[in-house]
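For reference, chains read A, B, C and D in written order, and residue numbers begin at 1 within each chain.
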Amino acid sequence: MTTLLTASKLTKQFTGLLAVNEVDVAVEAGSVHGIIGPNGAGKTTLFNLISGLLPPTSGSLTLDGRDITAAAPYERTRLGVARTFQNIRMFSDMTVIENVMTGMHTRLEYSGVAALFRLPAFRRGERAAKERATELLEFVNLAGKARSRSGDLSYGDQRRLEIARALAGDPRLLLLDEPAAGMNPTETRDLATLLRQVGQRDITLLLVEHNMGFVMDLCDRITVLNFGRKIAEGTPRQVRDDPSVIEAYLGTKVAERLAKAHGA
Amino acid sequence: MLSQQLVNGLVLGSTYALFALGFTLIFGVLRVINLTYGFYFSIGAFVALTAARSFGANIWVALPLGAIAAGLVAVVADWILLTRLRRAKAGELSSLMVTLGAVLALYSLMAVFIGTDIQRFPFGFVDNSAIEFSGIRISLVQMLIIGTTLVLVALLFVLLQRTKLGLMIRALAENEDAARLMGINVGLTVAAVSFLSGMLGGAAGVLIGLNFNAIQPFMGEHMMLRGFAVIIIGGLGDIRGALIAGVLLGVLEVLTAGYISSNAKEAVAFTILVLTLWFRPVGLFGRAQAKRA
Amino acid sequence: MAEWLDDFLFTYENLVHALGVHGLLALSMYCVMAVGQLSLGQAAFMGIGAYTGALLTLNLGLPFWLVLPLSALAPALVALVIGGPTLRLSGVYLAISTIALGEVLRVLYINAEWLTGGALGLSGIPRKADLWLIYLLLLIGVVAFWAVGRSKIGRAMEAMREDEAVAGVMGVNLPRYKLGALIVSSMIAGLAGCLSSHSNSFIGPNEYGFEMAVTILSFALLGGIGTPVAPVIGAIILTALPEVLRPLQDFRLVFNGLIIVIAVLFLPRGVIPFRLRRAP
Amino acid sequence: MSRLLSTVGAIAIGSLLAAPAATTAWAQETVTVGAIEILSGPSAAYGTAIKGGLELALDEINAAGGVLGGKKIALIIEDSAGNKDQAVNAARKLVGRDKVPVVIGPTLSNEMFAVGPVTNERKVVTVGTSTTAKGITEIGPFIFRTSLPESDVVPVTLKTAKDKFGVKKIAMMYANDDAFSKSGFDSMKAAAEQLGFEIATIETFGSKDSDFSAQLTKIKGLNVDAITISALVEPISGVVLQARQLGIPASVRFIGGNGANSPKLGEIAGGAADGLLVGSPWFIAKKGETNEKFVADYKKRNGKDPDQFAAQAYDTMYIVAKAIDTAGAADSDKIREALYKTDFNGVMGPFSFTQGRDPASNEGVVVLAMKNGRFEILE
């Protein structure tokens, strides 16, 4: 197995807050890698650093041996990084299929001139894009809604559309920020099935999730963050049994219980 | 002559700084380039003028009157124009556009009703005499402007750093949602900031109108262009930066006109503005990284 | 031609010219706003085109077919200089620096007397901007935006307008798109400027300032930016209305200002709210 | 889309077409003359004064039997709002729709540079009453003006300053951002050089500036005898006030161009303006029956004192009416011929045109000095 993504000593400091503190993560190609941790542990910040939405304060990132620490988001996309967002960020005025086709931006090679004059390159590109988009929509079970306004979709549909849009760029690494948030058990189960199928497409998955069952079930390897620091890493079983992890999770619960007792 | 020119520059620069204070305060807290600010400047001057004319108010009455009126206008303008956008979390460009349209409409409306002729305070409204020492002349009004600018900056610092309202304002400036969670009445704090900046704008209008003795509806618009330069050079939202950038700009303009060419005076502000954007977009004193696209 | 028709065209020639030129200006505004940016420099770019065109015609006597593209090129260079640093920052920086641009250029026109005639401006510019040419260019502009709008470029532009960060994650090269849009828009504005100076015979330094910039913005906001035709219709309405409703002239600026306020607050999609489809 | 465009076009054109029919019916009994003046916006004061002067003359002419053996003159005044485009649109409407043989105005030189080529192309006589910039009548053979160009007035003022007050060394100031002020300055500079003045410095400012301290401090250090200034009245007032505040003594006189020739100067600047010299083609207290009657009638009709713009407009209306009469028809070409033969004695004094269509003589120019906030003839 080879390492696809390596973060070393990755740090992000906001005014007065170390959101991510010297975190090392290595994501194996072809694996499903989970990142867990209590609220405020720095998971989303880590995602923003990996996808390039935030510049790191220090540390470095490599993708397939190539340094991408300073690369802009669009450059990372071109290199094969795609992501979804915790609070779904759809182009809500666009139709469903347009959203997916927007995700193909880097894979469409025709020039502006070709588009302007409707040259064969443009026609070919758009036709292929449409076919591929339709395929992806079928894959996420949205084929019937290709022409609906995406802002009008139900919550679960939007989640799946976001995954289709991310897949449209043919990524090697897909970052999923709490994909199961707000889903009922049935939907969650369907999602897990969907993601397993994605994994079979030779796509490495890195996901942040709160739903423990979901994570333990799906992931090959898990990294645990707390207060911006990595506190544990390993297989689901290793992580589950790690005392520092139990403390991190239990600690908060105990604290909550204590607070409640005081209040009463 | 150099010393007299430096004094001229200091006075001119103080007017720029005075004007820019409220402008930069609005941006610093509310994250809005509020172009209606120029109108507060005009309306403050006009209210003071009307007071002086209709019931012979003196400067110590007319100045606060103009400032308070402008403050009230600011609260209303913010409420009408920006509440909706703030609630919808619309981008900063929407608010810029809405205030842009509003300010054009307001100036023009004011011009339709009271004309664009330059109006002046009655003779003898303030003591026009000047003090002269070792060949440098400075009039009482000019000293009043420099003094007021310094006093207002000091008061603003005390307000922001030492009072409960200041704490609320700073919390709001940091993060609106967090401020709300902390139990701060955001609507009220926004209104307070609007009122404060409106007052600063109005006071600037009265004093500057008095110094140059030229009051007309579009006076705020002419000032606005300098205002942009000052708040960008000083760093958006940076009060101390606005003070220093304002004075700096005034002195540079006067020295340019005095020793290079009066033709070049107009270009000074924008040359520095463009240089700032190229090389130091966070402003002269900014530390934080400029907001990324 | 029948005499009455001749008289009629003579009477309204300026208006018909203005409708076309303003249509082009609205299109140039559309081009920037379509990627979610705000430029208040369209009037300034127009001015550069107007002066470049007039000077090339008057001083060098170049043929109009050569003058026109050169007048589009000059503002493009300025857009490059302005856009380079500011487009990396948040949108307000572009807005402010483009306002400043108008002012800088005004000072420049006034002071470069040997070239621009200073405050007296340039007069005696031959009338070479034929009506058909203006409307042909406008038509080409609209069709071109329409065509490009229905491709990956159009999708990328709409994505940037809706959520810039996500557009970046989709692989849209944000700086390049923003700069490209600014440059194309400055070129259209430059063309409009050149056409207007070659239909007015006289230009002065104070015509391309803040008021004109705001007026151009109001075209696009009234029409909306859902399709490239919408801002053009906005321009036509706002240009023709004061001519039809004379009393409106006194309140022209008040009206333009209110249009912007109302459009932003209540009609964010303009009066032509349709959206261009971007997929087959 | 093209259908939408053409629909909008059709609506716009349709509503524009609806209007023109009205004016043509009564054109038989009247001669229609057009005027384009600034009646709204920042410079409305000029146009309003001109309108007052035109209408006063018009009432008198029509009461005395009109022109061409009993035809009355109808005057259509269009508002330009000081906007070049609006002025051109007005001119096109007057020429294309109302078919006027003569256009009076427009108010500003800037507007004339835009309007002139249009009316001239259609061979419609255009008579400026207040356009003093250089090159106005060079626009074309149909462009006249009754206002003395600055280049005729300013030398008189400067010469008076030299002869009467021994002025030798001057500083020159002007607003460099509007055509009126700039072209006034050009004439001033030419005249100053011709009269052998020593020009210590030339300083500029913007029409909308309010701070002139840098320029004035510099001038103060140069110990000049006088300061010439070419600008509109508002910045002039500001300059004068600040000059005195900065301690430039009253013995250093200001010498103004046409823009300073306004009673507003005294209203705004008060005593600070005392001593300012300005040349004027007309003055309210000018002796003579014609002028006294004009001043009285104007005041009765319009409720305030006339200024030079009103006076020039008043004379112009008479000059145009006479030309129409002489021409024998409301025909532009014939009126143009007739204007060349103008020999008129009005409130501004004797008047005729040069072959270049400018006023022939500057004999009527008087030099005024400001005293206690009012202009008086310099004796």
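By definition in this document, contacts are C-beta pairs under 8 Å (C-beta built on N, C-alpha and C of every residue); 3 or more make two chains touch, one makes a residue touch a chain.
Everything numeric here is computed off the predicted structure, so don't read it as measured data.
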Of all other chains, the one whose Cα centre sits farthest from subunit D: A
Central chain (distance from its CA mean to the mean of all protein CA atoms): C
Chain centre separation in whole Å, for subunit D relative to subunit B (CA means): 38
Distance between chain centroids, defined by C-alpha means - subunit A, subunit C (Å): 41
Inter-chain centre distance, subunit A versus subunit B - centres from mean C-alpha coordinates, in Å: 46
Touching two or more other chains - residue numbers and ranges from subunit C: 110-111, 174-175, 250
Multi-chain contact residues (two or more partners), subunit A: none
Where subunit D touches two or more other chains, by residue: 176
Subunit D-facing residues of subunit B, complex: 1, 4-5, 8-9, 11-12, 15, 111, 115-118, 120, 123, 128, 130, 132, 137, 139, 208, 212-214, 218-219, 222, 253-258, 262-263, 265-266
Residues of subunit C defined as touching subunit A within the complex: 144, 147-148, 150-153, 155-156, 158-159, 162-163, 165-175, 275, 277-280
Complex contacts: residues of subunit C adjacent to subunit D: 7-8, 10-15, 18-19, 106, 110-111, 118-121, 123-124, 139, 142, 200-202, 204-207, 229, 232-233, 236-237, 240, 243-244, 249-250
Of subunit D, residues touching subunit B in the complex: 41-42, 44-45, 176, 203-206, 208, 210-211, 213-215, 217-218, 220-221, 234, 237-238, 241-242, 245-247, 264, 268, 270
Touch list for subunit A against partner subunit C, complex: 51-53, 72-74, 77-78, 82-83, 85, 89, 91-95, 97-98, 101-106, 108, 110, 112, 115-118, 122, 125-127, 129-130, 133, 165, 169
